[in-house]
Every structure is written in structure tokens, then in C-alpha cells.
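Common to both upcoming complexes is chain A, partnered first by chain B, then by chain C.
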Partner chain A sequence: MNLGISPKSRVSRLFRSPSFRALAALALVIAIGCVFNAEGTFFRWHTHRDMLRHISVFGILACGMTLVIITSGIDLAVGSVLGLSAVLFSLFSLQLGWPAWLAVPTCLTAGAACGLTSGGLIARFKIQPFIATLAMMVFARGLAKWVSGGRKISTAVQLADGSFEYREAPGVFRILGSKLFGGNIAVVTLIFLACALVCYVLLARLRLGRQLFAIGGNEEAARLSGVPVSAAKLLAYGLCGLLSAAAGICHAVQEQQGDPEAGAGYELTAIAIVVIGGTSMLGGKGGMGLTLNGAMAIGYLEKILSLNAVGEATRLMLTGLIIVGAVLFQKHRK
Partner chain B sequence: MTAAQQTAPRLSAPVLRMTGIKKSFSGVAVLIGVDWALRAGEVHILAGENGAGKTTLIKILAGVHSDFSGTITLSGKPVRFRGPQDAAGHGIAVIHQDIAVVPSMSVRDNIFLGREIVRGHRVCFRAERDRARAVLGRLGLDIDSSRLLEDFPVSVRQMVEIAKALVHDARIIVMDEPTSALNEVEASRLFKIVGDLRSQGRAIVFISHRLEEIYRVGQTITVLRDGRAVGTFPAAELPPDRLVELMVGRAVDRLFPPRTAKLGGLLLQAEGVSVPDPSGIKPWAVEGLDFRLRAGEILGLAGLRGGGASELVHGLFGSFGKRVRGRIRLAGEAYVPQSPGCAIRRGLALLTNDRKSSGLVPTMSVGRNISLASLGRFSPWGWIKTGREAAAAGRLIETLGIKAGAADEVVANLSGGNQQKVLLARWLETSPKVLLLDEPTSGIDIGAKNEIYRLLDIWTSEGKGVLLITSELPELLALSDRVMVLHRGRFIDEFDRGEATQERVIKAAMGMENQA
Partner chain C sequence: MKTKTILLPAAGLAFLAAFSVACGKDHGSPASSAAPPKWTIGVSQCNLGEPWRVQMNQDIRSAAEGHPEIKVIYKDSQNDSLRQRSQIEEYASAGVDLIIVSPKEAAPLTAPIAAAYRQGIPVIVLDRRVLGTEYTCFIGADNVRIGKAAGHWALRKLGGSGKIVELEGLMTSTPGQDRHAGFREGIEGSGLEIVFEADMKWLEPDARREMESALSRFPRIDLVYAHNDPGAHGAFLAAQAAGREKDILFVGIDGLPHEGQVYVKRGILAASFEYPTGGREAVETALKILSGEAVPREITLSSRVYTPENVEAGGEWLRDN
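So, the complex of A and B:
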């Protein structure tokens, strides 16, 4: 049998590779944008800048989601943990006046704790990821409402006599909410890209990343090859929680308040980003580059629809169709 | 020899003829014009190495692949199946190599899956139950057919596949490596059933990699090589050597290479080892076992399936955590099984008997599958040195002769024999002292088997010890320096290389004490 790779099959291999297909989906979306360019608005720099800024929070969630989905798990709690973290961060910084070096790590720890709890339920008690994180999704939302008393936490501080005093937002809010390089790149976008880079290195270069792929590919084989399956899963969910909390801080900064309802339904967008990127829901296949691609594709899609003033109803229906289309496209070339 | 081996009368016209069968997958030709014919009342062996095209040919016959060129003639009439249901409707039953049952359904529901006995729109469970009981009884299986299939061992699943074919009264029954999950006793029961089916005038196509089996059940042999039918011969006129030569395309000098390793010092010593039963049916799968393994020695573990050999090696390896009892010394130091990771660090390696479910990571490349059990070595401080990893994988691919396009080829694309070598490479890379090998040659072709036998001899010459489990007795006897027989989880007998014969081992495995 001839096992050499002929040039033709090299081309077809490239064509079949997941990264190529993910890029193709993104290219398709951009091509649509070029056609329906809303009288040239699509070609303006600020459109792309706004898209990046808009997708950043979702992108951070998708980073964590990628880690978990690669283990063939899922984390439905990312949106709720985002809400909890937004509330906590606003409470600490705006209301209690904690300094940033204390408020940020505390929020991140809270998020990681949520993730580790789901991870523990999954790894130790063998509860299905869907169920365990569904429970955490509900619980974290409740916790966010309890902490905030059900109200949005903003710069308005209620005084003893019942009147409100508007305080100035602390420095951390301004810095995280600002844009750099002449107002071109939002700090939040930089945080997203940094998270993506860290997750990329983790998946591509670290032993932990390799173990996550092995678990997703064949958990029993991984276990019998000495992979510490429980610990690795725990870390994956813990990191996913931590990243959700980071997204929560960014969200609070962008909104200038901590809304206990923040992030409802975001888990679905995060999953959509991962799937459109081409990471397999069955686990074991995928990567951070793909998710970055998926985030851009979803971001551009939403931007194009809003530029062309497509109504919300149509927008949602189109998004659904496009998700199915993208996934079918990826399946087709198997 | 057995009665089954006498050549069947050659008067009947072929019930099935396949001519000029060609089939390719994404541009790669797998079958290049196969012609062969099957007669009623014969067991027709399809022989050939992995990748010769046997399974593809069978899948065409079963209606799984409908896009092929060539013709199928059934009782003189050309047919073309639109799908598996269509083929089944023409009286063709196929027992596939990958057992296609639904574990979460009952035995009965599995037997009648897709072809339920219905009265009006209702499934008639009572009729199904009675038919199922009758068929299972014929297979010598006394089980409650309303229990879930997942409660039974793999061998029962295989039997259920056969029951499926019987219950639908198929004219042509195709068995693709039906004995790979069966032990000797179950296998001989199957051979008897095959003989019965033949005398009823059914035509049976039988695929096997085991020479012994081929000559035990077959009357006619068609050899496939590289997608072509090399020839069809009466079994009595094709000596085994010639068969192997036809399959491999070259002469294999000796199937079992001579043992050259010299025995060294004591490597593994176990006293009173008890291993819990993973299925929980009985408290212990292995109870109070004592044994010793010397460096350079191959200790064969024999016994019926469920005899406890697989559980023993899993227990030693720490697959069941800390629940294993007994005193074990490994290379002179006390060893307590805790976890696979811990076992690997102490120099144990376990090749499981099911490379699909507990061996390969199908989504990963060949190289990454190889490095999986020794990742720690390639990743100081958790950072993988990909260069070192790739170099090690490349070296092993070369020494073991793994046929892969590249180290980054996905492992699922490899043939069975090469996949098995990838797993051996994985364990070799951990520099083990003791190799626990559970069915290392299951489902791989003769050429690859021969290579694995050679590797075993080389590794033992380097001072490694091997615990070998295999349900192929000739293999066990040829490779093992000593054979230990387990019966219901207990030691029953032990034979040195000279004393071990198939009869003595089988008798012991079935619980009969041999006189000294």
C-alpha cells in the first residue's frame, strides 16, 4: 500500500482540516458583510473595533467553555457566574470602596469556586456535566440575586436618610472601561485576547491541555494511561469558572453597574461560538484558534445584522439558521 | 480430523456469486475486482490480512455499502441491496466484527431489533420471549432474555448477535471474527452450531485470523490479498503454510519465533492477592492467588473468560484503586496497587484487551497516543517539549515498524495491527519492568502477530517480565515459559513449557484437576 502523501491529498487534507473550515465560515460571514455593507459602513474601521469590543465578554466565556467542551463536558453556569461576579465586583468596588487589588482577586476566586464545585460534582460524584452545571447555573443566579438584594448595583449609594448619593466610579472602572491606542482597542478586548492566548498555550503546549484532549477522546484510555482524570476535569471547570468571573468584571465595567440578571443566556452564545469554530461537542477535538474564529464569525454576524437594521425577530431566526449551516458545512467535509 | 473438515459435496449450484466487485473509499481502492461464489451447505472461509478487504466485501454483501461496481447474484438472480434491511429481507444475516447490539436494551429486544414480532401494531412480547428462549437454548445460553444486555459479559453479546441471525432463519450467515470475544468453551459451542447450520443446508461465510479455527470449521477457503481474490481452495487441499503464504504474499519462516530470553532474578512476587469483582456479581474476581514472575519470563495466564485473569492484571495495575488485597513485591520492593499513574511510575504497563474502548484515543494522532502514558517525561514543569516527544514517537514508529503516513496521522486511520503496535509503543515508552498483556494479538493479522511475537522475545531478552493473557491456546503454549491456569478466580494448576498441552490447559480451565 502506498502510504506516501501525494500533493493532491495534501491539498484535500488542508481543505478538510478543522481550522480551514472554521476560517471558511468566518470568510463567508465577512463576504456577506461586504455585500450587505450598509452603504460602506462595513468597511469603516470603527465597525470592526466595535465588533471586537462587543464580542469580548462572550469571547472570554467561550475560552473557558472550549476547555470544558474538549473534555466532552459542558458548562451551563458561565452566564450565571458572570452575573454573580458582576454583582460582587460592583458591590466591592462601587459600594464598599475596596481597592482593585482586593476586589478583582476576590471575584475571580468566587468564580473559580463555582467552577470547582461543578467540577467536583462531575469528577468525584460522576454527575453528568449537563446536570451538575445546570444546578450551578440556577444556584449562582440565586446567589447573585441574594447578594444584590435583587437590585442593580451602581454608583448610587443609599444614605442613612434614604436619599441617594452618586459617587464617582473608582479608577479600576475607568481603566478597564477605557480604550487604548487612540481609542482603537478596548481594554476589555485586550483581556479577551490575553485569555485566548493563555488558553491557547494551555491546550497546545501544556501537559494539562493534552490531558484534557485525551479525556475528551477516550476517558477510560486516558485513566489507564495514568492521566489524573479527576484533577484535570476539576481544573478545567475551575478555569472555566475563573474566566466567567473575569468576563463578569468586564461586563460590570462596560455597564458601569452590577446587574444580578446579567449574563442570562450568555452560556448559549458561548457554546455557539465554540461550535461554530469547529470544536467537537463530543470532545477530544478542537482548539482555541477555532474558538477565536468562531467568536469573530458570531461577532461579525451580529454586527452585519444590526448595521442592516434587521429586526430582532429576524436576527434571532437568521442566527439559528447560520449556526446550523456552519455545523452542517463542517460535517459535510468529513 | 473432525467430521466438519470433510469436503462438502460439490453438486449444489452456488447460492451466492459476487463478480467483479470493486469498491474504493475517497479515492483509495479497497477492492479491485473480487470474484467468488458461495454454496449451500458449506462453511466458506474468507482469509486475508487486515486491510485485504474482507470486511468491506462483507459490508457490501450486507447492504451496508451500496455504491460499488460489480454484480451480486443470489440463487441465479442478480440483486442489488438498497440497505441492510433489504439484504436481511433476502435472507442474509451478518454478524459484524464490531458487535452491533444496544447494551441498554434487553436481550430479547436486541434479538428482535428492527424485526419485531407484531400483531397489528403491538409487539407480541410473549412470542418474542418464547422464540428467544428457544434460540438461546440452542446456543447453550440459559439466561433470562428480559434482562438488559449490559448486565452480561461481552461473550453473551456475541452470542446474542448469533441468536439474531438464527431467529430470522437466514439462508446465508456471515460471521466476521465471531470468536474474538469468546473463550475456548464458548468457541467450541459456536463451532458445533456452525456445523449444525451447515447440515441444515445453510451457507456460512466465516472470517477468522486463527488458523486452528479455519481448519476446524471450514470446507472452502477464499484468500483475499490487497483487494483481490487470490484463489478459492478446498480446505483439505490447502496446507496452513501455503495459506499463510498466500495471505501474506511472502513466506513467513516461522509463525512462533523461538524463545531466546534467559530467565533472571525474581521480578514480581504476589502472595494472597485478591481482586474485587468490577461487575459486583461476586465479591472477589480473584481470590488468594500466589505467583512469581522472573525477569525475562513470559508467564501465561489461562482460564475461561471470567476466570479472573483480566481482573488480576487490572487489579495489579491499580485500575480498581486501592481495593486489591495481598502482599506484592515488585523488583524487591513492596508494591501496593493504588492507581494506574502510580503503577506506571513503578514500572508496570497494561495493554487492555479492548483497544477501542480502553486503549486508543481515536481523536489523537499516532504520536500523541504513543506519548500519552509517559507525558510526564516530555513535560518538565508541565510544559510539553514537542520536539522530544516527536523524536521519541518517530523512533518507536520505526523500531516497531508501525505503518503510518506520519506521526501526526490520526490513529483511527490505521489498521488493527498497527493500532495495536501503537499501544505497545505507548507502553514501551514508559520503560516498564513488567508488561501485563491482555489479548495482545486480538483481531490482528498473522503478519502483525508474528512481529509482536518477535518483539515479546526481544523485550524479555532485555529483562522485562510479561504476564500474558490470550484465548488462543496455540499462542499461549508457544510463547509462555510457564502457564498458570485460573478457575473461578483461584489458582488451579500450573504447567512448565514442556508439560503444557492444549488438553491439559483446557481441562484445568474448566475446573478439572490434572493428575500429577
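So, the complex of A and C:
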């Protein structure tokens, strides 16, 4: 974009900064919302609160995805790991009556184990990330179905004689599924923001973050300059798995059940969020701030289409167009 | 290099072991210490990713349990017409005594079903139709009738006027279209008004999102009609989060024992309309065919409505009206 100002001028630099571009895409979507406001519904706070709640699960997945994409990798298994974790968490806390302090870490560990396995295949056996995580995506989905017997795990527990007994959902389900500050913000949104903050600190402030960027920029150069490439990759995929499991817990508490089909296709939304934010699929460039932006942009887009009761066909076409538009818009930057 | 040479055969062995265990589990015949089964029935299910279809297999299994003379084999096509096609061909060449198939789509599966039928193997088609008449018996329920019954129920319950939100199943699928058309027919000419409709694609998270939008836009909603029970449950959760669940009646379809019926018992849904799987009827019909009795070419399953008043008693059968 040439604005006719000398390239060194401040304005020009501002226009070229990735954060500005990401913000501009978000602003565009919000502007659309202001025009098509569905009789003023778009201007009410609870619309925004509901959007934030809905996008939180996808946002948590996108946090992990950002770490992996920065290393120029990809994790297709996030949706399946989400499903697995939702099933495990429901099984443990709804049906087996485990306390939260046991159920939550167990699920997170299971998710991290899935991620570490993918990471191990990639770092140790040099399997391409796309293929290794594709295998994990299929495997974890199968595991979720096997653990649950193909059924949703809910508060209805089947007894030996085939009848059902209803259990009260445990406290952890009610707390995580509720809203705070006078009903103004969902707990899952706070979990999303906390995950985003942790990933931000990791990428921007810690040594591991710099190593991930270095690997994404040029893996060989990173190796030669002493970056522990395998260990760093392993950690990135492990964290991605852990965050997927956290998203799975958030999904289960919102649905009040563990659905073995939960999260199918969510990996694509997570990737879209990262890319719309402006993180490069080639690796080495990007950040958590951008992903947060991308999450909001996708969230608002879905909310606006839903508020106006736009038909499914139009919705899909518009979403495709807007993704391309946002990415093209960002491509101009150096 | 060394690790690789050891790892590969080890992985191969582990895979073989896992495979044989898995196969043993899948094809395990019902523990029959008595006479070996007289007949083998092959079941081809189009997709076990849906709870309703898991229930269908469950119904077939529990109906077959009391009959040691039959052995049932199950295959899952994982939502793939071509895979289902080869399953039917496999059953035909293996020479099973009868095939029960719940086809994914009509066009690609008509030919293999007809081929098996011509070969002399009786075929029972469950839930979704195939083209033509080259099968032994079709068993299925009528979505339009169920949708219409839901419409009439809403009409009675709301006393002739009210505002309705309709959360639709995938509108490119026939069940979605039929449940929509039936409901519209049921409330036609009344004071019931559909103020918001959206395609939630049978998915609970989508239903919840759409319901949030409806709640933000409309201060008064009297009833939510969702094309499946998970959709109605998602809508309930959205209304509960907004503190409005007491003002709204939630109606769903499917009435599975561990899903819709549970929601009704817990007071989440005001009604769930059963969409019967036909699994039990398929086994009963199969036994008749195998023992040489005549069966009708078409069996339309009747369905029940579950409400908080009747759910403990097993629901109430729908009358045609």
C-alpha cells in the first residue's frame, strides 16, 4: 500500500506494522456489525459477552496452534484431543465422581501426552508435522469413541438393569460453566485470556519463545547456533496438546456432557484464527497478540451472521471471502 | 539406524496383536454354548458417529440376544457410500443369509443392494430408502408426520398463539427438510409465528450460538422447536445462561433413552418426539423372513412423544391427526 508518504515516515510504518493490519481486519468486521446491527442487538453488551464465550474454546486451541505454527509446523489433532479430553473429563467427574483436583490434571496430562507423542514423531523420527498430527487426529478421535462407547457422557448414568440414574453435576462443572462479575463475563473466556497471556509471555519474554521463532525462521541455522531444536519442538507440541485438553474441559462444562464427536473440524477454525491474525504459516513470524485479534475477528464474524439469521450457504461463502480478504490485506506488508 | 531395525518389526508385531484383539472383539459371536447359529445376518450401518445410529445397532443387538439361532455381524461404513457399497458386496460374496442395511445415500447403494437381492439374499433396508423395489422390506419412520405432530403439540400447548424459534438440522438433508415441512404444516393457519430460524446442522454448540442470537433479538420467545434433542438442549443452556429458561418451552426430536428421554425427565425439555431406530423391528422381520413367513414390503414405524407427565410410563404413542 503506497500512501504517497516517504517510507520512513511514522504513519507509513504504522500502516505496515502487523498489529495494525490485524486490528484493521477486526475493525472492518466490527464495522460490518455496526451496519447490520439486527435492530440494535449488536450494540448490547451481552451480544459481545456471548461472542467471547463462544470463541473461547476456539481461541484456546488457537493459542496452542500459534506456538506450533511459529515453528513452521501445524497441529491437526487439536479438535480430536479436545473431544478426547471432553469425554475423559465428563467420565471422570460426572460418572466416576473424581474430585476436580484429580480430574483436571489427568485430562491435561492426557492432552499433553497426545501432543508430546506427535512432537516426538516430528522431532525424533522426522515425520512431517502434517502427517504425524493427521495420524494423531485420527487416533485420538478413535480413542475418544472407544472410551465413551460412542455415546455422549452425561449426568445420566446407566445402571446394570438398563435404567438411568441422574447425578447432580459436580461443582467444577457449575463453576467453570458460569459467569462472573455480575454475569458479565464467562469463566471460560477468562480461561482463554489466561491461556493467551501465558502463551504471550512464553513467546515474547522467555528463551523458549525465541527458540521457537528461530526454528520457524530457519531450523538449520537455529540448530547450528545451539538451539535445542528437538526439545523445543517437543515442548511446543506438548503445550499445544495441553491447551487442546484445556479447551476440551471448557467444551464439556458448557455442554454439561462429553461428546466423543466434539471438536470435529475445530482445527480448521483454529488455523483460520491464527492466519487471519497475521501469523505466517511459513513460521518464524507472528505472535499471541495477533491470534487474539484473529479470534475476535472470527468470533464477531460468526456472531454477526448468526444475529442476522443469514442462511447457511451465504454464511459459508461470506466466511471464505472474508478470510481471503483479510489475508490479502495483510500480504501487502513487508 | 539400529533402533529403527528393532523398532519396525516391534511396531509390526504390536499392530498385529492389537488388530487380532480388536477383530476378536468385533466379531465375537453371542456366547453360544448350545447349538451353533443357523443363520448369519450382516448389518451395514452407514455411520456410527451419530448417537442415534449407535442406538440402532444397540437395538439390533439386544433384539438378537434372545435368539441363539442367529449370528449378527456388524460393519460401519463411516459415512462413506463407497465403503458401504463394498461392505454389501462382501456380505453377498460371503453368502450371509440376510442383510440389514441402513444406507447412507440412495443412488450409490441401489445397485449393490439389488445385486444381493437378485442373488437370493433377503435385504431389509432401514431408515433411509434406496431407489426402485429390489429389496425385501423397507422399515422406517416418517419425519413429516413427526414434525407435524410436534406442530400440533405446540399449538395445543401454547393455546393458539405464540412466538417460536426453529433450530434446524442440516437443511440439505432430508430429515431436516421433512421435520421443517411437517412442523410448518402442523402450525399452518394458526397464530403461532416463527420469529427466528437458523440451521444448527444437528450440532449442539451451533444451536447454543444461534439461540443466543435469538435471545438477544427477541424479548419474548415462547417455544423452541429443534430438529434434534441435542439442539434443544443447547438452546436450553443458552436460555438458562440468560435466565430465561423458565419462560420458554423446549421441544426436540429423537427421544433416545440416554438423551431426549433424560432431558425430559430432568425437566429440560417439555417434549421429545421419538424417531424410532427400527432396530428391534428389523430383527423381528428378519426372523420371519428366514423362517419363511411373508412380510410386508414396507413397514412404517409409529413413534411416541415423551413429556414430563408420561416419560416414566414409557411415553405416549402418536395418533395420526
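As a convention for this text, the second predicted complex is superposed on the first by the 324 of 334 C-alpha atoms of A that agree within 3 Å, B and C clash if a C-alpha of one lies under 4 Å from a C-alpha of the other, contacts with A are read in each partner's own complex, and residues count from 1 in each chain.
Everything that follows uses one rule, which is that contacts are C-beta pairs under 8 Å (C-beta built on N, C-alpha and C of every residue); 3 or more make two chains touch, one makes a residue touch a chain.
All values reported here derive from a predicted model rather than from experimental measurement.
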Room on chain A for both chain B and chain C (clash or fit): fit
First (chain B), second (chain C), both or neither touched by A:K179: second
Touched partner set for A:K152, first chain B, second chain C, both or neither: second
Chain B versus chain C as contact partner of A:A221, first or second or both or neither: first
Partner chain(s) touched by A:R167 [first = chain B, second = chain C, both, neither]: neither
Following superposition on chain A: angle at chain A, chain B versus chain C, Cα, nearest 10°: 130
Which superposed partner A:S306 touches (first chain B, second chain C, both, neither): second
Closest approach of chain C to chain B (Cα atoms, Å): 13
Footprint overlap on chain A, comparing chain B with chain C: none
Of all residues in chain A, those that touch chain B in their complex: 1, 3-5, 9, 205-208, 210-211, 213-214, 216-218, 220-228, 280, 283-285
Complex interface listing, chain C residues touching chain A: 48-49, 51, 54, 171, 196-199, 201, 204-205, 208-210, 212-213, 216-217, 230, 233-234, 237, 241-242, 257-259, 261-262, 265-266
List of chain A residues in touch with chain C within their complex: 38-39, 41, 44, 46-47, 50, 54, 145, 149-152, 154, 156, 158, 164, 166, 179, 251, 254-256, 259, 261-262, 302-303, 306-307, 309, 311-312
Chain B to chain A touching residues, read off their complex: 27, 51, 226, 317, 319, 339-341, 343-345, 350, 352, 357-364, 368, 372-373, 375-376, 379, 382-384, 386, 403-406, 426
